[in-house]
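Letters A, B and C mark the chains in the order given here, with residues in each chain numbered from 1 onward.
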Amino acid sequence: MSSIPDMMDVSIWRGDGTFGQFESFKVPAQESQTILDVVAWVQQNQDPTLTYRYACRVGMCGSCAMMVNGVPRWTCRTHVKKVLVNNNLEVGPLRNLPVIKDLATDMDPFFDKWVAAEGVHHPTKTRDAPIEPILPTNAGRVEASSGIECINCSVCYAACDTVANNPDYLGPAALQRAWTVYNDSKDANKQAVLDAVSGVGGCHNCHSQGSCTVHCPNGLNPMNAIAGLKRVTAMSFFKNGK
Amino acid sequence: MLDIRLYMLQRISALIMAPLTLGHIAVMIYAIQGGLTTAEILGRTQGSVLWFSFYGTFVIAASVHAAIGLRVILSEMVTLPRFALSVFTWGSCLILLFMGARAVSAVTML
Amino acid sequence: MIRSHRTHTLWLAYILHRVSGLGLALFLPTHFYVLSLALTQPERLDGFLHFVEIPIVKVAEFGLVFLLAVHFFGGLRLMALEWLPWSANQKTLAAGAVAGAFLISTTFFLRAI
């Protein structure tokens, strides 16, 4: 049924962020095989010291993203057949993040920026207040819904050249989170969100390259979210001078 | 390296230039036929308040827009302290303004 | 060689916008200097305008008009993307910007030759 040869040539990054090289492995091809399966096979059968990160294996937890043939992908749900080129695979650690070892990156800068983008809930009520109903058709709710399926996998962050060129830039995921919070009618401090995304690393650095949206494994549209933030911050600038 | 103020300056200067660019392109297409001469250019523009304000506005907006654009490109290619970036931005803007003002006065003033 | 995560329409639109903007910014000082010759040395300006009659220079002028037009249309697309409600047809608009720039710069070229 499949025309995949018996063995694939797989290059895997070994080393840390400063020193390292790609190491070649021969990996048996199988029907219905994911990139994560390939990496796991190498670790279990060829080199137990290979370091990588995963948890759920079903595309929910966002831990297993890596660069596959130069493109950031969630490896647990990327089929080998979809990305194999001339029987070759190249698997590396996510771009734009410090490498801890081999395929495992330090995701602290990514999550720190979520906090810096003010992607936190500012409550309007106490825990004793009754639950406020929100219509699913409400315009703000529709905008917020489009961003809430983010699994924090950092694929967009790795795909973004503005992140690569500007260490202060908050990045697509954090800004999309800020846009979601901004559109939450239960959020009490929208100005805090606008202030957080208007600084030197804010949404205005985005060049709308759209790599975040192209590569998001969940089909989200951070470029749209960032454009939304630019729109509301520009309106706020015209109204309040900031 | 864009905060909201630089971003707004960049976008507002762009919006100011949008109709001016269309006008400039139209003039170019109109004027280029049969070649250009100094006398022909000056005959159209010299002593005209309209052309002075058209190209004067254009030069100011273009200087601001280009300086911010160059700043972004530079900041994304090399790591520079914020102060050095500001010096570069202001420097580019002032050089363009000065050269642009000379050009506009040369072709519009008597 | 363009790296694989960049091989999509809007990244190409981005690099075109950046390169055209950079080209225009670098061209501006020359443009201003040549025009200011009208004030200081009109005969040198005429000499320069004579020089631009050479065919290869006409092609370069075509390039400059293309840069200006593509930066103009690409910029309009970005302004609409950022300040108007989201529109899903960004790839078509980006392609339209390039087509519009070709139309304008070719019109200029045909009038110039």
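Methods note: contacts are C-beta pairs under 8 Å (C-beta built on N, C-alpha and C of every residue); 3 or more make two chains touch, one makes a residue touch a chain.
Quick caveat: nothing in here was measured; it's all calculated off a predicted structure.
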item	value
Arrangement of touching chains [line / ring / star / complete / other]	complete
Of A-C and A-B, pair with higher C-beta contact tally	A-C
Distance from chain C to chain B - Cα centre to Cα centre, in angstrom	14
Whole-Å gap separating chain A and chain B, where each centre is the average of the chain's CA atoms	39
Approximate Å spacing (C-alpha centroids) for the pair chain A, chain C	35
Touching two or more other chains - residue numbers and ranges from chain A	230, 234
Residue list for chain C, restricted to those that touch at least two other chains	18, 82-83
Per-residue multi-chain contacts in chain B, two or more chains	11
Sites on chain B touched by chain A in the complex	1-4, 6-8, 11, 72, 75-77, 82
Interfacial residue positions of chain C with respect to chain B in the complex	18, 21-22, 24-25, 28-29, 31-33, 35-40, 42, 45-46, 49, 52-53, 61, 65, 68-69, 72, 75-76, 79, 82-83, 104, 107-108, 111-112
Of chain A, residues touching chain B in the complex	162, 165-166, 168, 198-200, 202, 204-205, 230, 233-234, 237, 242
Complex contacts: residues of chain C adjacent to chain A	3-6, 8-11, 14, 17-18, 78, 81-83, 86, 90
Complex interface listing, chain B residues touching chain C	11, 14-15, 18, 21-22, 24-25, 28-29, 32-33, 35-38, 41-42, 59, 62, 66, 69-70, 73, 92, 95-96, 99-100, 102-107
